[in-house]
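Common to both upcoming complexes is chain A, partnered first by chain B, then by chain C.
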Partner chain A sequence: MNVFSEFWATYSSVVQFALINMLLGISIYFTLYTGLLSLANAGFMGIGAYVSAVLTIHAGTPLPVSLLAGALSAALIGWLLGLPVLRLREIYLAIATLGFGEIVRITAVNFDKFSGLNLLGGAQGLSGIPKLTTPGALLFVLIILSIFLVQFHKSRAGRALAAIRRDESVAATMGIDVYQYKMLAFVLGAFVAGLAGGFSAHLTRFVGPTDFSFNAAVNILAFAVLGGTLHWSGAMVGAAILTVLPEALRFMKEYRGVVNGVIMVLVIIYLPHGLINPKWFQRVFSKRRAQ
Partner chain B sequence: MFWQQVVNAIWLGAVYSLFALGYTLIFGVLGILNLAHPSLYMWGAFIGLVCVTTLHLPIWLALPVAMLGSGILGILLDRIAFKPLRARHAPHLATLISSIGASIVLVNIAQGIFGAEVSRFPFDIFPVHVFNFGGVSVTLLQLTILGISLVIMVALRWLIMGTRQGQAMRAVAYNTVTAARLGIPVDQIIMQTFFIAGALAGAAGVLLGLAFNSISPFMGGPMNLKGLTVIVLGGLGNIEGAVIGGFILAFSEVMSVAYLSSDLRDAVSFVLLLIILLVRPNGLLGHSSTKRA
Partner chain C sequence: MNMLALKRVTRHFGGLAAVNEISFEAESGQVTGLIGPNGAGKTTLLNLISGLDQPTSGEIHFLSQPIHKLPPHKINQLGIARTYQNIRLFAEMTVLDNIIVGMHTQGKASLLDAALMLPGYRAEEKRLREQALQLTQRLGLEKFKDTPADALSYGDQRRVEIARALATHPKFLLLDEPAAGMNDAETARLGELILSLAKEGLTVLVIEHDMPFIAQVCDHVVALNFGEVIARGTMDEIKANPLVVAAYLGEEESANA
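Then we have the complex of A and B:
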């Protein structure tokens, strides 16, 4: 027990960051599973973080309320952003969403100046957020999400998203409303990203406008690329590995960041479906059955 | 006041175009959106800086050396991050992700070698000379940047439209398989394309590094969105479009700073990008000569 509590004292924040990153992994999984490459998730995370932090500080709302409000705001903005950009395909969608984090940053920096209020803290960011995030709350949300994902894949909507990824035109001829289902995936992703942002704000006790830039968006993408998007657990595994890895690579000092990039390139070249590939499980199972 | 802004926009637009040309060239020939292009731009600036500060080369020699260096980096980038995917006919998104990974590597190596702080060219590297045309002031540096950019752009145009090399490049852009059947060394042409794109990015890096006198591993970040805006404005893969797009973006930015608010400058490119994607996703010039279907 002593060993465990020592471990926890040192690594509890790493574990909580890993759990938050798992949420972010799930958030981008929704869009990637539908075949959409959206890089807006970091921006949605920022919206969730700011909204929930402002509510907790100024309205004194309890954590669940703040989190939910942050996630819903992110989903709402996601819907508004999705209205125009989801008409775009492939690379054009990636380009259109790439700058969204930048818009969140510019809004956060200038909001106080233009509105005359003192809410978001401008370029200095928002500090003094009470530390309310607990590992238990994070685990609870992750378990709920996992159950939801298992059920979702069996549902009509889940199958529709998979069909859209396989072939949009075929999906459309089968009577699937491609645009609406893309919107569903986009908004669900925004909601979960907003939730993760709220947790992160109440863990680090700080929200800064530069935290949700292109780099953050790319990191989230890296989770899903490493883990794979064929199974919902892929992005979570990827997030866990990429959060813990920098701790293990401390000896590399300045060059730690290189590893993330190298992993991304290697995985996309040699393991295009990521680490978690359902086909492998199926192969193992069918072998057992044959025996 | 207005004409001063126009002058500022013209030389800035020239550098934006220079940067975007390589970006759009890769897309035109290979259909790859190379998000590592801004990292080559950053490396070009650093190679130029090292030439000047540690090797004590004059600036007119540092520019071609930087172009050579970032061109070679461009070739390496293709060999490592793109060629294996090309061999497998991987989807667009795979190459996009690979280019993001490569850019992370390039930025972090630069950060490890040169540090995260902002580096500068020595103050006396370029003679400070201000010309005055009826109230509008132009520095010698700005004129030189404009001149070099235009020369490089004309040279590129000649290379693509007027040489056998360029003809082969256009053939590869049109159809790789057919080009190979006709005896065009496709792999070699792709290598040359990456070299040229890298060299263009490097030139833009040195010139903007000189103009703003601030070079850091993260200088590619803001250029990423600007570059994308420029090439989407002109139509992905369109050479002339990228030049026009560069000037449009520079004008919009300069004018928004002058007449609206400097806080909004960074939002300009995103708003432009979004509008053009929604209204004319093929860019202002519509279709183009080097673009794939």
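Then we have the complex of A and C:
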């Protein structure tokens, strides 16, 4: 027990960062599963972080209320953003959504100056947020979302999204309202990213405008690239690995980043569908059955 | 009563009129054949009817309602389903899952029903699955129901496409070269299937190059060339039409005819 508590004292924040990143993995999974390459999730995370932190600080709301408000705000902005950008496809959607992260950053920096309020802390960021995030709360949300994801795949909506990813014209001629379902995936992703932002703000006790721009957007995408999107757990596994790995490789000092890079390159070359591929489970199971 | 009416439908791609002022009707409960050489505009016409493409001018009416400005999912919901010349199944999905995707509009369960595993959702899933199984039986696909669609032979994949289109409960079925890649036995069975569907009241528009097949299944044939209707009538009338003969066999024949 002593060993465990020592470990926990050292690594509890790494574990919580990993759990938050797993939430972000889920958020990008929704869009990638639908075939949408959206890089807006970092921006949605920022919205969730700012809204929930402001509520906790100024209105003294409990964590669940702040989180939910942050996530709903992100979902609402997601819907507004989706109205124009979901008419774009492929790389054009990626470019438009990448721009969204920049809009969030610039808004956060200038909000106080223009509104005359003292809410977001401008370029300095917002500090002094109470530390309310707990591993238990994170784990609870992750488990709920995982159950939701499993059910989601078996549902009518999940099948519609899968069909859209594979061939959206055909999906449309099957009576599926492609635009509506893309919006559903986009807004669900925004909601979950907003939740992750709220958890992050109440863990690091700080929200800064630069936390949610280009780097963050690419990192979230890296979770999905490493873990894959063929299975709902892929991006979560990718997120866990990419969060824990730099800590585990601390002895390598400044070469840690190289290892990360090498792993990514190897995965892209040899496992283009990512680490988690449902076909392998099937193969293992069918082998067992054959024996 | 005509189910589908095309009125001077035109589709330009740049300076080329792929479909030029085409007008014809498909009678309710009949099988209409659409024939013509490659590039005659047959598939373009199917894309216009199913809403994947919009006409430059002209009107398309389905059950007396204009549909040429509707998006494809609305057109499907009105009762038009189609298959594709270049098979477009959801490749890694199983045959049954492909068909269940086609049943999208028959389900009502929301995401919330599914997330909470409400009894209504489970009953609906069971019902859709049973209907999909019935369709696999009808099309002789039951032994492939759990096979990924891309592992099937060409002819079997074409039948899955038909099953998936039928899953949307259409009143009007568009088939784009359904017999391509099938052997004679498969083609004959496909012909029987289409005739039995028509007997049950389904209206069918079928594009095909296989003339004996067209003769077997079609009540009425429309022949296209260079984006225009060159002949229409029964298969015997079409076969005797000099313009059709010219389109298929070349100018010299038409000069002699």
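Just so we're on the same page, the second predicted complex is superposed on the first by the 284 of 291 C-alpha atoms of A that agree within 3 Å, B and C clash if a C-alpha of one lies under 4 Å from a C-alpha of the other, contacts with A are read in each partner's own complex, and residues count from 1 in each chain.
Going forward, a contact is a pair of C-beta atoms (placed from the backbone, for glycine too) under 8 Å apart; a residue touches a chain by one contact, two chains touch by 3 or more.
From a predicted model like this one, the values you see are computed outputs, not experimental measurements.
By the document's definition of touching, of the two partners only chain C reaches A:Thr173; chain B does not. Taking chain A as the reference chain, the count of touched residues is higher for B when chain B and chain C are set side by side.
By the document's definition of touching, of the two partners only chain C reaches A:Ala160; chain B does not. In the superposed model, A:Gly99 lies in contact with chain B only, and not with chain C. Of the two partner chains, chain C is the only one that A:Leu184 touches; chain B does not reach it. In the superposition on chain A, contact of A:Phe148 is made with chain C only, not with chain B.
Across the interface of their complex, chain A is touched by residues 50-52, 71-73, 75-77, 81-82, 84, 88, 90-93, 97, 100-102, 104-105, 107, 109-111, 113-115, 117, 121, 125, 164, 167-168 of chain C. Within the complex, the chain A residues that touch chain B are 37, 84-85, 87-88, 90-92, 94-96, 98-100, 102-103, 106, 109-110, 113, 213-215, 218, 221-222, 225, 253-258, 260-265, 268-269, 272. Within the complex formed with chain C, the chain A residues making contact are 147-148, 151-152, 154-160, 162-163, 166-167, 169-178, 184. Contacts from chain B toward chain A in the complex involve residues 33, 80-81, 84-85, 88, 90, 92-94, 96-98, 100-109, 111-112, 221, 224-225, 228, 232, 236, 263-264, 266-267, 269-270, 273-274, 277-278, 281.
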